[in-house]
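Every chain is named by a letter (A, B, C and D) in the order it is written, and numbering of its residues begins at 1.
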Amino acid sequence: MLPPFTPLDPDFDARVRASFDKQAVMSTIGARLTRVAPGEVTIELPFRRDLTQQHGFLHAGIVATIVDSACGYAALTLMPHDAAVLTAEYKVNLLAPASGDVFVARASVLKSGKTLTVARGDAFAVGADEKIVATMLATIMTVRDRGIRD
Amino acid sequence: MLPPFTPLDPDFDARVRASFDKQAVMSTIGARLTRVAPGEVTIELPFRRDLTQQHGFLHAGIVATIVDSACGYAALTLMPHDAAVLTAEYKVNLLAPASGDVFVARASVLKSGKTLTVARGDAFAVGADEKIVATMLATIMTVRDRGIRD
Amino acid sequence: MLPPFTPLDPDFDARVRASFDKQAVMSTIGARLTRVAPGEVTIELPFRRDLTQQHGFLHAGIVATIVDSACGYAALTLMPHDAAVLTAEYKVNLLAPASGDVFVARASVLKSGKTLTVARGDAFAVGADEKIVATMLATIMTVRDRGIRD
Amino acid sequence: MLPPFTPLDPDFDARVRASFDKQAVMSTIGARLTRVAPGEVTIELPFRRDLTQQHGFLHAGIVATIVDSACGYAALTLMPHDAAVLTAEYKVNLLAPASGDVFVARASVLKSGKTLTVARGDAFAVGADEKIVATMLATIMTVRDRGIRD
């Protein structure tokens, strides 16, 4: 259903991975970038008790953090090499308590525009089985000439 | 502009603080609950380099994490004593790069219903001055009879 | 990717169609309910000049109106027979100018809960070709015992 | 709480009113532009039975249509004279059934950027008393050099 995308920057994979490595919060929470493809990115996060909310589930904000990063980097795969990526806004629905061993955030670009990109991302909890725990719709901005890059 | 709210649970303040203390992620990132009032909650988070994104700003997901918790607890102040609070969904607009010394998330209930509560929350970056960096609109559910409490 | 759904009400099709027929605004704008299946609904709207915004495209609010109705009725297909459907909130991204001969809103339930249902809906403009013009993520509430029904 | 805004286009009032008059859907549903100020716009819509949903309330999509237009025009008041306004996305929470004699949508710009503007809008139902029925958070884009203007 999604269109095939042709990256403007042939080095998109290395660029996304380098930028991810600069997100200090990702190593702080233990998230890993596990897949980069044109218009698609996957990030994984093993469960950790120090990231939970009051009922012992992964905090919704942490779930959103990895889905947001996945959406932003999915957008970045399609941006020109001198651009920086900036999340303008997102909306997330929490669909089930985030209980599981590993959380997987998968994002895909729905529409890639010159200035704005719209991406969808889902978070899955993987344990004995796999279930969806959150879904996001995000608007990402291509930023140029502001002294930042990705 | 907001209606005055009368809490159903006279011990709402202690209950919110106790629940916040059980959110392991809050102490992990260094967030503090600084104000609890009927329908209103404030959470503060000092800047930390290990919570940043690739350009050195606080990661949008971390900003959203504290605003989401503030919205949820603002809703909890008005819930009956045997209820648990659950964020159904939220939308957040990132208005400016999250640079500053301290981040303050202020949430207020806009509408308190039997099942659903709608809250608004803003995040401010405080340093030499104070500026708004994010605004959220959240839908929170009152959960009863599911074996969880706050 | 979506789970198969089993409707609680065997008469869901007739019930959805009867409720749609009571939405006066649908006949006012010329929208038709063209498909009802468990967890899925399609609504179509031919272009009309008197529903446009200032650049001659279908107004975003009208696009959202048919997608919102499609999401709500997709949710209703899975609700018990004595329930009423209520949209709690939605978020919509406008992806392209709504120009075309006919607009098709397709909605699917992503998660069906006892109280809340989350549905996704897309709007397509159909003319010489078909293009996506909007995507929505909606939260719908199952309402019972409030004196309304669908 | 909102910053005072200085319009870039001294003729913003006339420009907003002229653009509103070109929105055919506004006259179709009977909406009127009742206030234009820097960063703020009010639109009113008298109740009409032919705009209702199945329970006899104004359809949520129609409520959103006037709040969306109010947000877009609030943004336009601050844009340069050669720009066109485009809603990128919005999220709306429906807070109460839209029953009343007149519906009033009031929007204010929260953040006005070069490319993106974020606005909040509320809809009130006015009858024997006034109650809030919806609240919106919208992202609006300043469009230039695409052959459209407002």
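Just so it is clear, a residue touches a chain if its C-beta (ideal position, glycine included) is under 8 Å from a C-beta of that chain, and two chains touch if they have at least 3 such contacts.
Keep in mind it's a predicted model, so treat the numbers as computed, not measured.
Novice: Centre-to-centre on C-alpha atoms, which chain is most distant from chain B?
Specialist: Relative to chain B, the chain whose C-alpha centre sits farthest away is C.
Novice: So using the touch definition from the top, which pair is joined by more C-beta contacts, C-D or B-C?
Specialist: Of C-D and B-C, it is C-D that has more C-beta pairs in contact.
Novice: How many angstrom lie between the CA centroids of chain C and chain D, rounded to a whole number?
Specialist: 22
Novice: Taking each chain's centre as the mean of its CA atoms, how far is chain A from chain C in angstrom?
Specialist: That gives a centre separation of 28 Å.
Novice: Calculate how many whole Å lie between the centre of chain B and the centre of chain C, each centre taken as the average of the chain's C-alpha atoms.
Specialist: 32
Novice: Hunt down the residues of chain A that sit against at least two other chains at once, touch-wise.
Specialist: Correct list: 88-89, 91, 93, 118, 139.
Novice: Can you check the complex and tell me which residues of chain A touch chain B?
Specialist: Residues 19-20, 22-25, 27-28, 49-55, 59-62, 64-66, 68-69, 84, 86-94, 148, 150.
Novice: Which of the residues in chain A end up touching chain C in this complex?
Specialist: 91, 93, 95-96, 110-111, 118, 120, 132, 135, 137, 139
Novice: Residues of chain A touching chain D in their complex?
Specialist: Touch list, chain A to chain D: 88-89, 91, 115-116, 118, 139, 141.
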